[in-house]
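In what follows, subunit A forms one complex with subunit B and a second complex with subunit C.
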Partner chain A sequence: MGQMYFLVENEETMTSDSIKNNRNNNKNLTKWFSEIPFLRESQIMKIHYITGVGALFVVAIHIMMRLIMPFNMSLEFENVILNYKNIFYALLLESILILIAIHGFNGLRVILLEIRQTQIWERAVNILVIVAMIGIIAYGTRTIIIANGFSLG
Partner chain B sequence: MTTASSAKRIDDNYNKNDRTNREGLRGWLNPLAYGWERVSYWFQRLTGIFLLVYFIGHVYETSSLVSGPDAWAAMLELTQTIGGHLFLILVIGASTLHTVNGIRLIFTQSGQGLGKPGRPDYPYDPTSINNKQRSGLWIAFILAAVAMLYGANVLFSGE
Partner chain C sequence: MKIFKKDKKEEEITNERSLKLERSNKSTNNNNSINQNSKKLRIFRINAVQNPNDVPHFDEFQVPVKRWTTVLDALLDAKSYQDSSIGIRYSCRMASCGSCGMKINGVPRLACYTKISDLDTNTITCEPLPNFPYIRDLVTDFSQFFAHHRSVMPFIQNKKADIPDVNELSEYEQSPQELDKFLQFSYCIKCGLCYSACPTVATDLKFPGPQALSQAYRYLADSRDSDKSNRLKVIDTSHGIWRCHFAGSCSNVCPKGVDPALGIQLLRSHLLGISNNEKKIAKLKDRSTDSSYREDLEEQKEEK
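On to the complex of A and B.
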């Protein structure tokens, strides 16, 4: 609401220049108050849909890799490590990790922002989901890199 | 009264009103009086949260690979039980439902299948909640059931 006071207090002395300046200031304030200043909500939703559809294809390949041999056999340690040694499959796993982390945590953000709308809540939710997203991607990437490194040993 | 203080009064009233007209989680979870579209909304969010929890668990589970074959076998044992299989069947159903309903929602949000806007006449049925939308929802439920049956067959037969 800070920008509201700013505009109201100055409304009596506004010139065309000051209106332009106020608009710019308002944009900057809006950027500060929106928690992800470089993306509009509509752009975030486009990313949400693109990552969702992308995840559909890569997860389908991931599941099919489990079904090219009897399911129990495909989960044996040697077979799983063989999958990770394949650089294309490792890249596929990394893409699954990134796509689902972005899609999933943004979905969680949307749900949490539907429940409550205050500035502190929105900022806390945005920070929480970004940190969680980066954390899970880092942790999963560590597994992929180390498991892929088994081929070097 | 100055403009700043009147703005503050409006702001205070806004914040006060903002907090009173909400049902919160009760409203979010209430499927009554809203029809199948509300059930779809509800399922999309619940399956989404469930799948996110599974995703985090799956990333943690597969990290046992880096500790060697014994750690992997120990972690795998958790899922090789009837309870573990039933959980995975639920994951299959949730992911299928979330995916198919999600595709329906992408079309809906891009304006497809909503019908033409018209004059609101009694009984005021919205054109956007039509058979196309409902059939999309039923297809999601049917495909989820089929995927769960297939998953059950694979998991319990081990093939």
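On to the complex of A and C.
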């Protein structure tokens, strides 16, 4: 029979006033991460598409670099560390990390926002996604720096 | 006693009806060009407003059909002769008003625009439009749909058009090329079929839906409109145009040949800056200085 909707007065049945109020509330609550602050959705999606295409290129280079020697050899500890020691390769890994973290977490945000449409949920998703993205980038950058030979301690 | 009378009346009606059917069957045998037979009509029944706990179910009716019988004709036949309590919304019967939208054999269609002979089945299942709250039987609540439509400001906004003096009435100049940019989107009859077919609306009720978004593009692409920024602000949100998955089902079900999915993509490309849709607002012509226009006005006054 498919999904059923009943005419019941709840948050799912919206009038034009309630839609406008929601949008006004969204504007007022921008600082509370109901929407991503300082960025319009079109700007976020522009970043999403650019990072997606960018990630495609850098990951392709990363995979091709695995083929300069036999695949099992390329994954040996010393070879991996040698890769990190190469500053260009370290920068490539860093760019993969940043591009994929931004693209992936924004994709996750988009999926999660579609599941529920309450203010609390949207705020929680936006905050968690930004925190997770920053956390992953910070942790990955730390790994690259350590492996590159610079001690943080 | 009254009940007995009513039953008797019903019996009379059914007898008349069976006689009519017999006659029509005879005429069918005589004339092969008229193909009349009967089909089973399964109608979704619910009374959600009066009884929120009402359990939805299907009622079945046997209806006579001819080659040109539409689903709306069949429904009205069932309502007239078998069960007058069937809830249907309809008006023009010619696919102009968009009132009789419903799910027919699993696909959102206009009942008045769907011929039973085209369905090629012996059983026709009619259900209310998905993604709309039920009111009763096949009647659904469009308030949310129209609220989204209103939110995109579906009207021309141009501050230059506010001319209080009647003598300075002017007209917009619009070339056929400018008209072509939005013409197909202006054929929308707001029947809600695209909205009901949209998988994103099914999960995200804040999503404006293909109808509202294509109308936003229709007014954005109109050379007479000058207030695009406010309209874009409304749709450029986290539940706005970017949540479209481009399933394309909206364009598949549109009875008027509008392509809402195309409108959404054009609007997206505009927001991304790929297409700036260079609009040229026609200069307002001051008709108070136009001598021929003055002569016309004077003639009109004299006639009065």
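Everything that follows uses one rule, which is that the second predicted complex is superposed on the first by the 115 of 153 C-alpha atoms of A that agree within 3 Å, B and C clash if a C-alpha of one lies under 4 Å from a C-alpha of the other, contacts with A are read in each partner's own complex, and residues count from 1 in each chain.
One rule holds in what follows: a residue touches a chain if its C-beta (ideal position, glycine included) is under 8 Å from a C-beta of that chain, and two chains touch if they have at least 3 such contacts.
Here the structure is a predicted model, which means the values were calculated and not measured.
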### Message
Just checking: does A:Leu67 make contact with subunit B only, subunit C only, both, or neither of them? Give me first, second, both or neither.
### Response
first
### Query
Is A:Glu114 touching the first partner subunit B, the second partner subunit C, both, or neither of them?
both
### Query
Which of the two partners, first being subunit B and second being subunit C, lies in contact with A:Glu122: first, second, both, or neither?
second
### Task
Based on the superposed arrangement, let me know which partner A:Gly54 touches: subunit B (first), subunit C (second), both, or neither?
neither
### Message
Just to be sure I read the superposition right, which of the two partners does A:Tyr139 touch: subunit B = first, subunit C = second, or both, or neither?
### Response
first
### Task
Go through the superposed model and pick first if A:Lys46 touches only subunit B, second if only subunit C, both, or neither.
second
### Message
So in the superposed three-chain picture, is A:Ile81 touching just subunit B, just subunit C, both, or none of them (first/second/both/neither)?
### Response
first
### Task
Would you please give the residues of subunit A that touch subunit B in one complex and also touch subunit C in the other complex?
1, 4-5, 8, 12, 45, 49, 114-115, 117
### Parts of subunit A lying in touch with subunit B, wherever the complex brings them together
1, 4-5, 8-9, 11-12, 45, 49, 52-53, 56, 59, 67, 70-72, 75, 77, 80-81, 84, 97, 100-101, 104-105, 107-108, 111, 114-117, 136, 139-140, 142-143, 146-147
### Summary
Counting only contacts in the complex, subunit C reaches subunit A at residues 48-49, 52, 56, 127, 130-135, 141, 143-144, 146-148, 150-151, 200, 202-206, 234, 236-243, 271-272
### Task
Report the residues of subunit A in contact with subunit C in the complex, numbered from low to high.
1-8, 12-16, 18-20, 22-23, 26, 35-36, 40-42, 44-46, 49, 110, 113-115, 117, 122
### Summary
Counting only contacts in the complex, subunit B reaches subunit A at residues 3-4, 6-8, 11, 18, 24-25, 28, 45, 48-49, 51-52, 55-56, 59-60, 62-63, 65-66, 69, 72-73, 76, 80, 95, 99, 102-103, 106, 109, 154-155, 158-159
